[in-house]
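First, the structure itself, so that you have it in front of you.
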């Protein structure tokens, strides 16, 4: 079911796939708590091919692989950018294919991970490419909801921020189509609305959703609020960025006045200024817990792909 | 005594703490000699958060952690600098707190390690911040004296160089207050004299010290000469740097003419031109031995903090 | 025979040395196939001192060391360049000597690896320095021929490309003098002909060789075609580079029309445009297999040097 599978888009995975993954992650979670993690990936080599910088996602995958006994190699940061400029992408992937058992790719261009998967004989995991796909982030996000509420169905979700260019936001929205949310609010300035192709998938899946411009209108209804930052580097036009930056902010006073006391805020991190720092220590903030869950989830993912089981 | 402890300033540690640490380092030293190092930190994750570049300190910690079976993750060099520019320092520390069992921080600003320790639930080690604190370097320095002379008390020390901006020099001077040196000479050009707050700690500890401008005057009295380079990047004003650069140099001919034959020279490295290269192969040079002792000392430190024992 | 040996130039090794190495690599190859690699280098620390960027060679050595249970530390990319600018090369090597059991050096200047070997007490491996020496690449190249043909003697070789500045090409040509090729064609534009000192070694070894300018003339005779790219950064004069870039290209149609059906093409990679991408999937291309063989060959090398046996 999972063995040797590529992970390119969250849409490649069924509800059953994801539930199986979450159970595996629960098992790993217990191993971590009891400091008894088996070296399931002893002798395996995992390549981290980060053609675009990302400290956070890279470190999370690195811990996940190493905690299971795998070896990691790769490049990131400036080195990743210069690799991207030099020899052909295809040859770089072929090199990693020759050296390793699995390749994790991050790239600024849409489709890079899929192309890598076509070239490589070993499985490829998309750690974020282009503006739409970041499937392992979406898996972590749903897993966090699962651990917080015990279930993903039947909740009211809000996704706030740059729904146009944020791949974390798109992937999370698409991931919800595998479950049955009560309702989904897409909350953003007009310029940053979700893309038509994303909304089409929502409609096809029969998800009840609504686009609104202000968090204030809907905050009282939400069980889960997913916030993403505005990323300057995703904007083709800097002028467009200037128009929208700082256009939304989640404050503690709003939450205390209007939100359900059980509301949980998720965020793929890093945050910039879209969430007031005072929120960090409130009961609403679930994003550091979410970051922590990235480890068992990615460990489960690597183990399922490389061994077929946990 | 050591379990889960933060390491922020050398002044946080008593003579007893340090002697306990040195004994643990001796034990590790024996393990290394006999190639029988136990994997005391199997399953532990150590984060290296180097917001300021430092190849040497980073590699030393990395070897120390890995030799005990720990996993290391982190960032350094250009990547560290760009992390420092991006999201909030607090959020970066929280991410590492979620991913690891201990965080080693290096930062150009004073107080960064302490702030990290306040944020993180896991222990934090200061690998150098600002102009004053580099506690693990001071531990290595004292441990080197201990291994060379069998004791730290009763010796005549000279500290030569940029006593104003070098955190290695300040930390070493402060560390001596935990012991009973016979005498301490602070040797530097006038512009680079030790800060008043450092001298106050010396006075409170009852350390007999004297400020002099020339090594020639005192070299014949010294048992230990600690040399630091002048670091351009610590100077707020480049003009000030120009005035003092190259203002002192330890030459072999001076040592052979005037120093005790048993004098040992320590240096936190890297050297630039403050020690003549010919000194490297003389009986006076102890700085490569000192670098080597960084490994068992830091191994002992990590093991004591993460396990409470060696 | 191999224990504690430095690896500076391919000319330091006899035919017997190389055959012993290839047998060790065969043994490691079997371990890799059966996923039963012994941790021969448990507790050893291998330093990667890449003063010049090289993703491919670095990753290959890193996998090799880690698959045998060694710890790796080091620097590369921008960090390596800035290390090269800072403290003296000698001090950097002394630091790594204090921290590790073996040092792998890559440097843009001829002689850097030899100098490192003179300074360090631990063995040093040259991972490429200057324009002439890249001995481990030559070992991989010969080993690839050995695995493809069962023997290295008696074949007709062509080496195509920048024979003047490519250290991979020079090292391969020099390596052939340890065996008995039937004939060797040196194929290059006039400006990029092999250096006189290389040809002198060929003559002394009694290798029958001929310099030609066009692949078309000799392609039908070849059993092995070794191709190297033109590297802009090796040219002292950019004008000279402009004159020769793109001056040769191996196309599939030429191969299909004129080459022996058994011809194998080797390339140290990365490729730029000197081999048409369509060749990659043809029966002629052996370069990805060659890259893959880099792992067992380098594993064997590390094990022989650090343990004396596999």
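First chain written, first letter: the chains are A, B and C, and each begins at residue 1.
In this section, a residue touches a chain if its C-beta (ideal position, glycine included) is under 8 Å from a C-beta of that chain, and two chains touch if they have at least 3 such contacts.
Please read these numbers as outputs of a predicted model, since none were measured by experiment.
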Same or different residue numbers at the subunit A/subunit C copy interface, by half rule: different
Superposition rotation for subunit A onto subunit B, Cα-based, multiple of 5°: 120
Between subunit A and subunit C, centroid-to-centroid distance (C-alpha), Å: 40
Two or more partner chains touched - positions in subunit A: 78
For the subunit C and subunit A complex, residues of the former touching the latter: 35, 37, 53, 55-56, 59-60, 62-63, 66-67, 76-78, 269-272, 277, 280, 288, 291-292, 294-295
Contacting residues of subunit C [partner subunit B, same complex]: 43, 45, 47, 71, 73-75, 78-79, 82-83, 86-88, 90-92, 94-100
